[in-house]
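Each in structure tokens, the structures are laid out below.
The following pair of complexes shares a single chain, chain A, combined with chain B in the former and chain C in the latter.
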Partner chain A sequence: MNDRTTTAPPVLDVRDVTVRFAGLTALDAVSLTVEPGTVHAIIGPNGAGKSTCFNVLSGLCRPAAGTVTLGDTELTRLAPHRIAALGVARTFQNIVTTHGTVADNLMLGRHALTRAGFAATALRLPGAVREQRRHLARAREIAELTGLGAHFDSPVALLSYGDRKRVELARALCLEPRVLLLDEPVAGMNAAERARTAEVVGELRTELGLSIVLVEHDMGLVMRLADDVTVLDFGRSIAHGTPDEVRRDPEVLRAYLGTDTQGEDAA
Partner chain B sequence: MKTHRAVRTPGGLSLRVDVRTLVVGTLLLLVALTASVVLIGTGDFPIPAADVVRTLLGEGDPGQEFIVTELRLPRVLVGLLVGASLGLAGALFQSISRNPLGSPDVLGLGQGATAGALVVIVLFSGTANQVALGALVGGLATGFAIYLLAWKRGVHGYRLVLVGIGVSAVVTAVNGYLLTKSDIVDAARAIVWMTGSLDGRDWDQVWPLLALCALLVPLVLANSRGLRMMEMGDDVSYALGVRVERVRLVLMLSAVLLTAAATAASGPVGFVALTAPQLARRLTRSPGPNLVPAMCMGAALLVSADWISQRAFGAGQLPVGVVTGVLGGVYLLWLLVTERRAGRI
Partner chain C sequence: MCLAVVLCLPPFYLDAFWLRIGLFSMAAAIGAVGLALLTGTAGQLSLGHAFFLATGAYGYTWLAGEPGPGLPPALAALLAVLLAGAAGGLFSPVAARVRGIYLGIATLALVFLGHHVLLTADSVTGGFNGRSVPPLTLGGFTFGAGDPELTVLGVPFGAEERLWFLGLALFAFTWFTARGLLRGRPGRALAALRDSETAAAVMGVDVARHRSAAFVVSSMYAGLAGVLLALSFRRVVPDYFSLVLSVDYLAMIVIGGLGSVAGATAGAVFVTALPLLMTRYADQLPLVAAPGSADGSVGPTEAARYLYGAAIVLVLLYAPDGLHGLARRARDRIRRRRPRPPATDPALSPPQPAATARPKEHTP
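And now, the complex of A and B:
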């Protein structure tokens, strides 16, 4: 149904991106490269600039300097909805869903891919009905992929915290992205929910061949899933490498792991 | 809990339909149409409902036909269109500002249109059509002013409401000044206009309003999914591929146009835009902007209010704006009291 997923995703390249908020430098000449089909984790203490980095990638925040490119396309000048249309989807740190069922929410994710207008849908024109049915079938597939198959017709409000958080993940997948940005996908979940979500993210990467950028505090999860890790501290990129390299980096230990070792214990 | 049911159509398609919303919308439409028939039958020369229907279908006697199609039908149609426009505009503004008080009444769009009309009446002693044009221009200018003052990466919550209240205060003062400058004949005419009335409305008011609705309603509905998504916040909507700024601009402009045109046709009929969306939402119990139910509710409210005013006080005695003002005012107080109890204000 969508040929994007059959081809390898383009390289996502972040070059010397700087973001300032009224005197505060939230990102200071940060560079990172997300290779096609890999999981790239961004870690760092609270306020390090991880969410700001996502806002730059998804076009919600214009950097003062630097560029972001996806393949040959420069994203820094594009409106957020154009970036979404190019196949960059994201989730947010806080759960934001609408009322209604899981299916309702996932169908909102199909918004940009839906061609039939309101009138055609309301009048049940054959073309619109066919399209709607296709989208619904795909949404159900995605729900199954993310472990929400059993809840497809349940109201979101009745789901557990972990499931609700995965509704956002599934909704982002409904955009048929090539690059998926996950902002703290397991924050607030219990151990079982974390394990379940980690499994889902791993499957996404192998089955859909997505590039995934992951912001996460759970070091165990990062070590398990990530191919590359970039460490931010006070807006600066202080280390970059494989999880093992980063884990041993003295500056990282001092800036990050030194202040929060409980994640490591969990690993 | 929302009643969601998968409706199987012959094509085997499982469509999610909010059954309650559908039923409420249909019932409101029926109420509006029934009230219209009754209203057409009401007046110095009463006509039974059955005869009204027969005449509308083109089988009445010539005497009734003249009264129905030339005198009363256009008036009722203006009522339906004004009510629907105000209901829709109110739902749009309330959804965009995410605030039940963010409606055209509170924002001063009605007062702006009134200012335009007063300028034409008082300074130029213009014809009815010129007054309508003045109201349209006044409403659009006010909408533009609010947009310029309130816009700052989106208009939400109390910012829009507060700016609107400020604009409204200024315009109301201007209106008062214009009234003091007018002679007694113009002043009487102005006061009648300002209360909002359907008296003497004919096909000249129906056609422009109908044309505008025919243009704007489909445009608005085509953007309704974007609007529903925007209730989750701008960032989430952008991330899901909604052209947030454009959708908002199109919908705000449509809402301003609908309000200004409705006001130009009937004068400022108070509180319909404020109450219709809220009442509709409470009946459907469905989240989201509820655009179509609000439209049906607006039409039903306005025509019913006109019927009440004619029944209780006789034809041409009490302008419909007085009735909607009283009903809407009571509703607003009730809203404030219950919101206060619920701890939201």
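And now, the complex of A and C:
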């Protein structure tokens, strides 16, 4: 159904991106490169610019300077829905689901991959009906993959916090993304839910070969999943490397984990 | 299916008064479905619905009549619907930029603008006195009195009887298409826009395009409702298409439950039929004066307004999801109260001993 996932995702390259909000520099010449099929974590204290970085990547926020490219395509000047159509999907830090059932939310994720317009849908032309049925089947598969199979027809409002968080993940996957941006996917979850989500994210990378950009405060999860880590502090990129390198970086320990090594345990 | 058959019966049993109530209700329901799509589903507040209804009604009257191009009425009806859609499309750049209550105010301007044009463009609209509406003909069959004379099962089919079936067909079309839209890709995109524009955009929904499309589609339903209203009234006058009408439509979708086709229909019937019924039975109702009496008491129309004002307050307080939500909850409750069928799956049998053991606890 979709040939996107069979080819390796293109490189996502962020070059010298600067974002200013009325005098506040939220991102200051940040650069990072997400290699195909890797998990790239962005960490940093609250207000470091992690979510702003995601907003630039998904087109919600236009940088004052710098470029973002996916393969040969520059994303910086594209509207969010065009970026989504290129296969960049994201989740939000605070759950943003729409009313209706899990199925409705997942089918929203199929929006960019489907074509049925107002007239065809209103008149229930065979093409539109067939398309809907086919994509509903795929949405159900994705629900099973993310452990939401039993809730597929339940209203989202009735689900637990962890499940709603998973609905967002599943909805992003429904875009059949090549690059997946996860904004704190396990925030507020209990240990079992965290483990389950970590497992799913791990599977996504190994089985679907997605590039994943991860913003997360849970250092355990970051250390376990990430191939690369970029550390932001006050909008500046202060360190970059493998989880082990970053963990030992004195700058990072001072800025993020606290002034002494005890902070590392606390995190 | 059963309901469709029942809806075909009234012309054989009821007199013109009831048929007219039904006809107005069906026209209102078509318009209300359009507004439900725009305001309930897509979350764009519109006070300008009366303008699009007027576009449909006057569009048909002018296109099919004299003075006017005098087109075949069926074609004129179709063009009037498209004209209303085009009017919605022309307004949609505003809708794409303005949100919430500000959009409401911007659409308010449309109503005043429209009303002014209806009053002053005499050659097209007939000015203050309006103009009479040419009856719809379809392949030699007129949806009006006579031509050809028609008697079905001993019931003479006059204008009301014929228009009833026309209204029913148009309403069925509205029901079918609107429900299809809401359950399909565009409906999900519109609901996503209402709940969060950023999330919708990130999911690949073209925000500006869908916001304007919602306006166009909603205006087309309004135009269709306008055509049917014009045919039922047989005369269009500017004062009908005032701000009050827009507010009535908002009342319909709020009472019915935002964003549902069935709810909008129920709300439309309630808001349309209530004043007409109260006028008819004014002499039998306490506290309501007969129409036309000028002794300062409450007339039936005012009483109907008080009633549905009260209905809106009650709905907002106790059933924010409207009649539609009330019906759904009632259905759920009945379903829950119904005894469950006995478990046939052997895996489910273990809890049974515990259930049978429970009565013993009552014995001391």
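In the analysis below, the second predicted complex is superposed on the first by the 255 of 267 C-alpha atoms of A that agree within 3 Å, B and C clash if a C-alpha of one lies under 4 Å from a C-alpha of the other, contacts with A are read in each partner's own complex, and residues count from 1 in each chain.
Rule of thumb we're sticking to: contacts are C-beta pairs under 8 Å (C-beta built on N, C-alpha and C of every residue); 3 or more make two chains touch, one makes a residue touch a chain.
The model shown is predicted, which means the values in this text are computed figures rather than measured ones.
J.: State whether chain B and chain C clash or fit side by side on chain A once the two structures are superposed.
T.: clash
J.: Just chain B (first), just chain C (second), both, or neither: which does A:V68 touch?
T.: neither
J.: Now for A:T101: first (chain B), second (chain C), both, or neither, which partner does it touch?
T.: Touch status of A:T101: first partner only.
J.: With the two structures laid over each other on chain A, which partner does A:L136 touch: chain B (first), chain C (second), both, or neither?
T.: Once the two structures are laid over each other on A, A:L136 reaches chain B alone.
J.: Please work out whether A:A128 is in contact with chain B alone, chain C alone, both, or neither, and reply first, second, both or neither.
T.: The second partner, chain C, only.
J.: Please indicate which partner A:V179 is in contact with in the superposed arrangement: first for chain B, second for chain C, both, or neither.
T.: neither
J.: Name the contact category of A:D153: first (chain B only), second (chain C only), both, or neither.
T.: In the superposition, A:D153 contacts chain B only.
J.: Who does A:A198 touch here: chain B (first), chain C (second), both, or neither?
T.: Once the two structures are laid over each other on A, A:A198 reaches no partner at all.
J.: Of the two partner chains, chain B (first) and chain C (second), which one does A:P80 touch, if any: first, second, both, or neither?
T.: In the superposition, A:P80 contacts both chain B and chain C.
J.: After overlaying the two complexes on chain A, where does the chain B footprint on chain A coincide with the chain C footprint?
T.: The overlap between the chain B and chain C interfaces on chain A comprises residues 58-60, 79-81, 84-85, 89-90, 92, 96-100, 104, 108-109, 111-112, 117-118, 122, 124, 132, 171, 175.
J.: Can you name the residues of chain A that touch chain C in the complex?
T.: 58-60, 79-81, 84-85, 89-90, 92, 96-100, 104, 107-114, 116-118, 121-124, 128, 132, 171, 175
J.: If we count contacts the way the header does, which residues on chain A are in touch with chain B in the complex?
T.: Per the touch definition, chain A meets chain B at residues 55, 58-60, 79-81, 84-85, 89-90, 92, 96-101, 103-104, 108-109, 111-112, 117-119, 122, 124, 126, 129, 132-133, 136, 153, 155, 171-172, 175.
J.: Could you pull out which chain B residues touch chain A in their complex?
T.: 1-2, 4, 6, 9, 11, 13-16, 218, 221-222, 224-226, 228-229, 231-233, 235-236, 238-244, 287-288
J.: Sort out for me which residues of chain C touch chain A in the complex.
T.: On the chain C side, the touching residues are 176-178, 180-181, 184-189, 191-192, 194-196, 198-207, 213, 217.
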